[in-house]
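Read through the structures below before going on.
Next come two complexes built around subunit A: one with subunit B, the other with subunit C.
Up next, the complex of A and B:
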């Protein structure tokens, strides 16, 4: 861990991601109000901290203003503070993206371990089905799932999980294929350990390096995907602050000379994705050095 | 035997060479104060255990130290000119094509996508601007010189189409094409089988005479060095500790480390019970934490206060013999007394009529299916007969060694017995009960049979502490309650001579020998009756190997376990086993007591194996028998006797041994527990000269 802190790439990534994590957590006084996370509507009573304003508050006569001391990043078409909306928009994206990847890891990891460890017919069947899923463009899978189930936070997570699991399964399978040839796996087999024990206790921990790096990259893609879905109007329903829909709404005003909404929305997404990619790069570099 | 009397100018002279690597912890000097010289037609051997800096010296000579390595002190004078402190371009010009190097693994030195003829010719056409057909003629002549069978055809082949021994011949031929003044060979035979190794070593000896080059020969194997070198430099922790002619080194070693090394190598002349291996205590210090005084002082039983005070210089004892020890004059290797450490005295066991066999294998076959060949894999290919009709039985407390070249099926045999591979036919009986495949075995059966693996780096799961890994079989097989597990693990650690604090260590913090001990402790946890060892010491250094062998023998004897022991090193097998089975192409060709199998009557294949063993004693004379050809494929074994294609004794039979190609050989009973599968009669077999003749009585 100490060596990671000395890696400039990793630290840059940590700084970018850490910025949004801190802003998201301390956007308002949510952390000290126990009822905050229960219902979305009550956030009207909350006291803004880092966000400075409520994301829903509409300022009279302040439509599409450029950045100023009052409104750091300007205001949007309804007179809402863009900074406040971005700060609050960090919350859903920073919870949904890792959650979706975690679920994809559990599903894809298990399938990959089973395919890799058992091999043979099991491997063929599992991997051919997953290959079939990889054959579809990811965005198509998102659209089909969201279109069928409706736009909601749960469905967004579900869509990303289903679209991401096959890729993770491929990776875990290839790692399992390599690790299962080691002598310590044979030692576990010769003492009669059950397959689940060998897969999850003997194989999985030794595959963690590449899996963690891959997961970091995937969280980046998930942020991207959530942004895309928001942009297409399939993300969180309005008026929730959603980075993708902020860009979408702002897009129409660019040519009218008010680029701020679209610009800062895109920048926020880019910062987070670049940050996550840098973290993944830093991790894999350090893992390779100490291989 | 081969003391040369060349007194010309040395080809290469290395003076006080020190090589350092820049690491995050600062400059680490991997090699310090190394001086030697090599003359024309002379072979200097560098021996030492892994990590002692012997390869670093070679890389220093060819300026191949990598980004962070450099020569920090000393000089290399090659044909009268210094090589240190010059730019890479100057070096290339000075050295030109005068230094060639041969590496351990021939496959990494050859380009897999180029025919051999093309890559050999490239050496000449690029370096010497020679014309294509002239280059081709030279390559052909060179391949003939390195005794390559059918050189014309080999030129057109790709590297993967020839055997490992032939690949190494090609690499050596390529190295010699430029007629180098210095040839560096870095463990050139380590990746090869004994029989192939013997042939390659013969080639090295013959080429040195023929080409009159200087050879720097690096090896960890004292036996190999004894066979090919004129002088030997023994390295320890980055320093040359002793430098002497090869006979001197083995007959009269002056440095305590050299003496210790020679003592811990198993001797082929000794059977179990006759020999005692004395491991060197402690371990090689890391180059960044060397002791203040003599580097060997912490492990040396002759150490006195003065050894601790200051660095010791390499001091001449005679014009040709130098040693880095302040007490070299007074230490007498002959008067050496065993140190006060426990060494087990192993006694040979015979499977008498005590009770029935613990493990009995009858007509066991293990075939591997091959994927189809041809278009779309439609053509069926025959299975690989890795184990083909093997039968043997082992009694309680008996150790059976299994030897043979790689690919003879010894590992498959053991894996089938333990259940990691599924058998095709035959029975495996444990105490009279046939045991099925692994997933169907009861926990009680599984518990009776455990295995020790070959590769110390893969035997332990890198993610868990040592204690947890020993605890698992204790909990699972021995049913030790949770509260007592820690105490039991510590008991096992003690049994393999490791301290309690190893409990929380991770595998990456351990040395190879320590990992192997943990592997043994793990196998012993369920208190098995049968323990299977798949080359448990072949990846270890000699001093560590001795300790692990002692440990295995001692534990096996104390617990009255039955042991199957695979090894390719016949000397190792002899020191630890009671019986030996010799395998060739999936079959056992000879099985008998270890004491009997090393002298006639023996199977012609056993004889060839024995003749190939590198013996770390230049006074021992070995019969010169070399196997021709390559082992046939186990997918399509020869008819009749499987060894007939390479058998050196077939000519003893009438009609050139026609019977060998037609009929399977009968079992000849030498004694009730010694059988040989051969068409030659016992009288004929017994009349064969013994392989070893000892110069003087030991």
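Up next, the complex of A and C:
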């Protein structure tokens, strides 16, 4: 861990991501009111901390204003404070992206372990199906799933899980193929450990390094994907403060001389994805050096 | 004879891959059909608005075959319905060009003497046969009552072709109304058919069907969009490849030095910034601030993208940014690896000039990995293209599929998905072939 803290790439990434994590948590006093954790709607009655206003409050006569002392990043097309919307928008994106990756890890990891450990026909069938899914452009998976099931947080997570699981399965399988030839697996088999124990207790922990780096990269992709879906009009339904849709709405006002909404929305998402990628890059570099 | 064996194994490899492509296309099309079937939402309401009456909705669904079971419609999409309908109508059915200038085609029954004809009934009693003359005019011929055929239930029915590209079943004495939304509003027509079979040739014969939303053949819209997108992607690729490969080689040769650091970090930033964000930055800088290039692709009808090359600059640049970093990083890693191999060390120790070592010895091997990896990256590029086309209003395949998905236009989604999967699988096959060609140690498996 100490090595990581000295890696400038890792620290830069941590700073960028940490900024949004802090802003997201402390945008209002939600963190000290447990009843607010479960639903977004209650944040209406919350006391502002880092963001002075509610992301839903519309200010009369303050439509598409440039940054000022009142509204640090200006106001959007409905007179809402852009900073408040970005700060609150950090919450869904920072919870949904890791959640989607976690689900994809569970699904893909299990499939990969099974395929890699059992091998033979099981491996052949599972991997052919997953190869077919990898051959499929991810954007098509997103479009078809979300367009069919409707835009909601659950469906966004579902789509990203489905699109991400095959890649994880492939990685875990290749690691499992390697690890199962080790002596300690043979030892476990000799003492009669059940297959699930060997897969999840013997193989999985020993494959954690590459899986963690890969998962970190995937959180970046997931944020990327959530932003893109929002931009395409397939993200969280309005009036949720979704970064992608903030850019989508703001884009139409650029030519009219009101670039603030689109600019700050783009900056926010770029900061977060770049930060996550820097962290993953720093991690993998240190991991390689460690080897 | 190692050569002959190679050729046979390559042929087997190709055949297996083509078969796999067919299976993939079949599975993908079935899955998409199933998902859009399960999806909530009502196409009739999507198309006609939510003020329609139940009769209007039922009539719409019948006219578009939506009242038939899903597997029936899937089969029709796949193998067509004209041969089925031809048996009922008792004549050959074909799609003929009605107007070459307007690029309009329509389904007609073809008589034995080659005259195209359709049917109509204004009262549900007398059937009219509309014969199309070679000059395009229509002659109406009333048919006698003997054309009605009594079916098993004792009802008099008549199968013919109507004017909407459908085989239709009229029922004698029926007071059925059909509802059609025209420019003037809803019109109801008496003596309408009871059942319809929308005519199509099926995707296996190259006909992806007619869009329910636009009422135009899908292929007609899809092909120009595909050409636009291939043009955009082609330019982007031509632009990206040399620069990114060169930058990657430079970064790799300077591994660990400040130049490498700068290139690596900036490429990481460029790749990880979502296309819509980097596109916004580019629009703000080059379109709003500097005013050099248009920030959107606006094409009045009749003007093709080839007439407005300056509108392509920002879309291409956006795609470049995202792909540039990726290619650079792959190339850099590959160069770093090759420069550490023994044969390069030998070349250095022999005292060959550094430039010669890089150009003659290292490059060929180092570029092997990037070229194939880049081909595999085409799936990613497709995602980028959808976003870039949405951002700049570029009339391409990406926006076509986005619009189709948003309006749940099943045939359009299916057609675009088939094209995308075909592109993705073909490039992967190409990547495999190039890899084997460049690296003969790998055999076809």
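Simple rule for what comes next: the second predicted complex is superposed on the first by the 289 of 291 C-alpha atoms of A that agree within 3 Å, B and C clash if a C-alpha of one lies under 4 Å from a C-alpha of the other, contacts with A are read in each partner's own complex, and residues count from 1 in each chain.
We adopt the following convention: contacts are C-beta pairs under 8 Å (C-beta built on N, C-alpha and C of every residue); 3 or more make two chains touch, one makes a residue touch a chain.
Because the structure is a prediction, the values reported are computed rather than measured.
*Asks:* So, on subunit A, is it clash or fit between subunit B and subunit C?
*Replies:* Subunit B and subunit C fit side by side in the superposed model.
*Asks:* Who touches more of subunit A, subunit B or subunit C?
*Replies:* So, of the two partners, C touches more residues of subunit A.
*Asks:* Please indicate which partner A:144 is in contact with in the superposed arrangement: first for subunit B, second for subunit C, both, or neither.
*Replies:* Second partner only.
*Asks:* Does the superposition put A:105 against subunit B (first), subunit C (second), both, or neither?
*Replies:* In the superposed model, A:105 contacts neither subunit B nor subunit C.
*Asks:* Based on the superposed arrangement, let me know which partner A:84 touches: subunit B (first), subunit C (second), both, or neither?
*Replies:* neither
*Asks:* With the two complexes superposed on chain A, say which partner A:193 touches: subunit B (first), subunit C (second), both, or neither.
*Replies:* In the superposed model, A:193 contacts subunit B only, not subunit C.
*Asks:* Touching A:220 in the superposition: subunit B (first), subunit C (second), both, neither?
*Replies:* second
*Asks:* Is A:184 touching the first partner subunit B, the second partner subunit C, both, or neither of them?
*Replies:* After superposing on A, A:184 lies in contact with subunit B but is clear of subunit C.
*Asks:* Would you please give the vertex angle at the Cα centre of subunit A, with arms pointing to the Cα centres of subunit B and subunit C, as a multiple of 10°?
*Replies:* Between the subunit B and subunit C centres, as viewed from subunit A, the angle is 100 degrees.
*Asks:* When the two complexes are placed on top of each other via chain A, what is the minimal CA separation of subunit B and subunit C in Å?
*Replies:* Distance of closest C-alpha approach: 5 Å.
*Asks:* Considering each complex separately, which residues of subunit A are in contact with subunit B in the first and with subunit C in the second?
*Replies:* Residues common to the subunit A contacts of subunit C and of subunit B do not exist here, since the sets are disjoint.
*Asks:* If we count contacts the way the header does, which residues on subunit C are in touch with subunit A in the complex?
*Replies:* That would be residues 24, 27-28, 32, 35-36, 38-41, 265, 268-269, 271-278, 280-281, 283-284, 287-288, 295-296, 379-380, 382-383, 386-387, 390-391, 401-402, 405-406, 408, 413, 417, 420-421, 424-425, 428 of subunit C.
*Asks:* Can you check the complex and tell me which residues of subunit A touch subunit C?
*Replies:* 9, 132, 135-140, 143-150, 220, 224, 227-228, 231-234, 244, 247-248, 251, 254-255, 257, 259, 262-263, 265-267, 269-270, 273-274, 276-278, 281
*Asks:* Taking the complex as given, what residues does subunit B use to touch subunit A?
*Replies:* Result: residues 418-420, 438, 441, 443, 446, 449-451, 453-455, 458-464, 469, 472-473, 476-477, 519, 522-523, 526 of subunit B touch subunit A.
*Asks:* Within the complex, which stretch of subunit A touches subunit B?
*Replies:* For this pair, the touching residues of subunit A are 182-184, 186-193, 202, 205-206, 208.
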